[in-house]
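Provided herewith is a single structure, encoded as structure tokens, for subsequent inquiry.
The first chain written gets the first letter, and so on, giving A, B, C and D; residue counts start at 1 in each chain.
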């Protein structure tokens, strides 16, 4: 069972990233080792060609991974990305949905994959794998 | 010899990404198959722990790669990222410097690596490899 | 529908890699944009600690991707890997099963992901993403 | 200063991988956080088109990384790959030279990059980044 639900997670993330404007992303669902995050369409995420930019999708993938981990282990904000790999397969537009599944959740390390889709499409527009380092309990200070 | 110098490149990138605020990054140098880009310190790029966030570094890596390619081939704005892999090795703060070197520059595909350093440090904080797809001349419409 | 079934694929791969000893891997199943390949346990694939080595798993991932592509498009032997990313999550022993699904199958490029499991386990031991370049029809000479 | 020289390293690696035939690779040089490894040309490493196969290059990259780490920290054989990313840029033949530089060498984690060249060529044929997990001293049992 997740330790944080979608609403709690969204609140924590907005408090932790106070510079991110409201509505930049929404936590839509949280399940065991899973999170689904929506990136609503916004012109600031476009690149030449009027498709969603690579950095916007990378940021979304990383956010979905962070959400899946925090949902599973609680608000360990100092969990940090150590590696991310992403393939861009189609040029999307509109809202983007990211579905993160954790493939490994150890005490110190988590590995997950993130499938991203333009809302309503069945083919992935991008796919990421991501690794996070989780601080030991003694250093969490929470 | 590069086809665009640092100042031309900076102008083109700002016109192409009108939503990006001035000063988000600066093209510092352009050489043959090489670009150096600075990400000035800004609190909007911080993550919990007050270090520069992973997405800010990924965006910087992708920007440095785009800059190195456009410098080499001219303003082919429809060059698009097809894959990016990044390792985060140290938690940086302050300005970040990204140095991109192209490892391959074909007519349709470019591969490069990006070394990132906190300004003044000698050890990399992050390292990325990146692949771009370059549209064929007949489809550039420029 | 696949253009080659598991038996045809296995024959073609063994003819194409005559140095690979019989039984190194077996194509177990082929479906639309999917292949399942088994790496039978063999002591030559062990590393210190008596688990299956990283290179054996990388080779398996690449083989499963090649199999999934050739099953889908026919015996285009000059399809070549352009990138591979792999995460190792658990130290496996015994037979290893690789399941490759193609995420994109274009005329010139294919992207897939490969989930690997020790036979009988439900948690992945390794996960790879892989990109192949497919030669244009005019250059296949087959 | 490295703790193991090239000859010591080669001996240890051959003892640790007894199934690997002599001459499969040679440790050519070891320096601080650096190793250079040669993969001599052998027909068993060819793929269709008579170029060196992707798996042979991945194995070489992983071996060069293992060599660079063991040279730096001593014969910690249970250091294991946790992730590898590779880009293939040119189709090589002949001997292949791999040069590994460690970008980070922590007590528990190492990150490195590997440049690979066909012997005599100046352009890389492949580039890899690789992460290893290093067991804590209390668990090395050596």
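We take it that contacts are C-beta pairs under 8 Å (C-beta built on N, C-alpha and C of every residue); 3 or more make two chains touch, one makes a residue touch a chain.
Because the structure is predicted, anything quoted here is derived from the model rather than measured.
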{"item": "B-C or A-C, whichever has more C-beta pairs in contact", "value": "A-C"}
{"item": "From subunit A, the most remote chain by mean C-alpha position", "value": "D"}
{"item": "Centre-to-centre distance between subunit C and subunit A (centres being mean Cα positions), rounded to whole Å", "value": "29"}
{"item": "Inter-chain centre distance, subunit A versus subunit B - centres from mean C-alpha coordinates, in Å", "value": "22"}
{"item": "Subunit B and subunit C: spacing of chain centres that average the CA atoms, whole Å", "value": "33"}
{"item": "Residues of subunit B whose C-beta touches two or more other chains", "value": "82-83, 85, 87, 131"}
{"item": "Subunit C - residues contacting subunit A, complex", "value": "85, 87, 89-90, 103-104, 111, 113, 123-124, 127, 129, 131"}
{"item": "Parts of subunit D lying in touch with subunit C, wherever the complex brings them together", "value": "16-17, 19, 43-44, 46-49, 54-55, 58-59, 62-63, 77-78, 80-88, 91"}
{"item": "Subunit B-touching residues of subunit C, taken from the complex the two chains share", "value": "82-83, 85, 109, 131"}
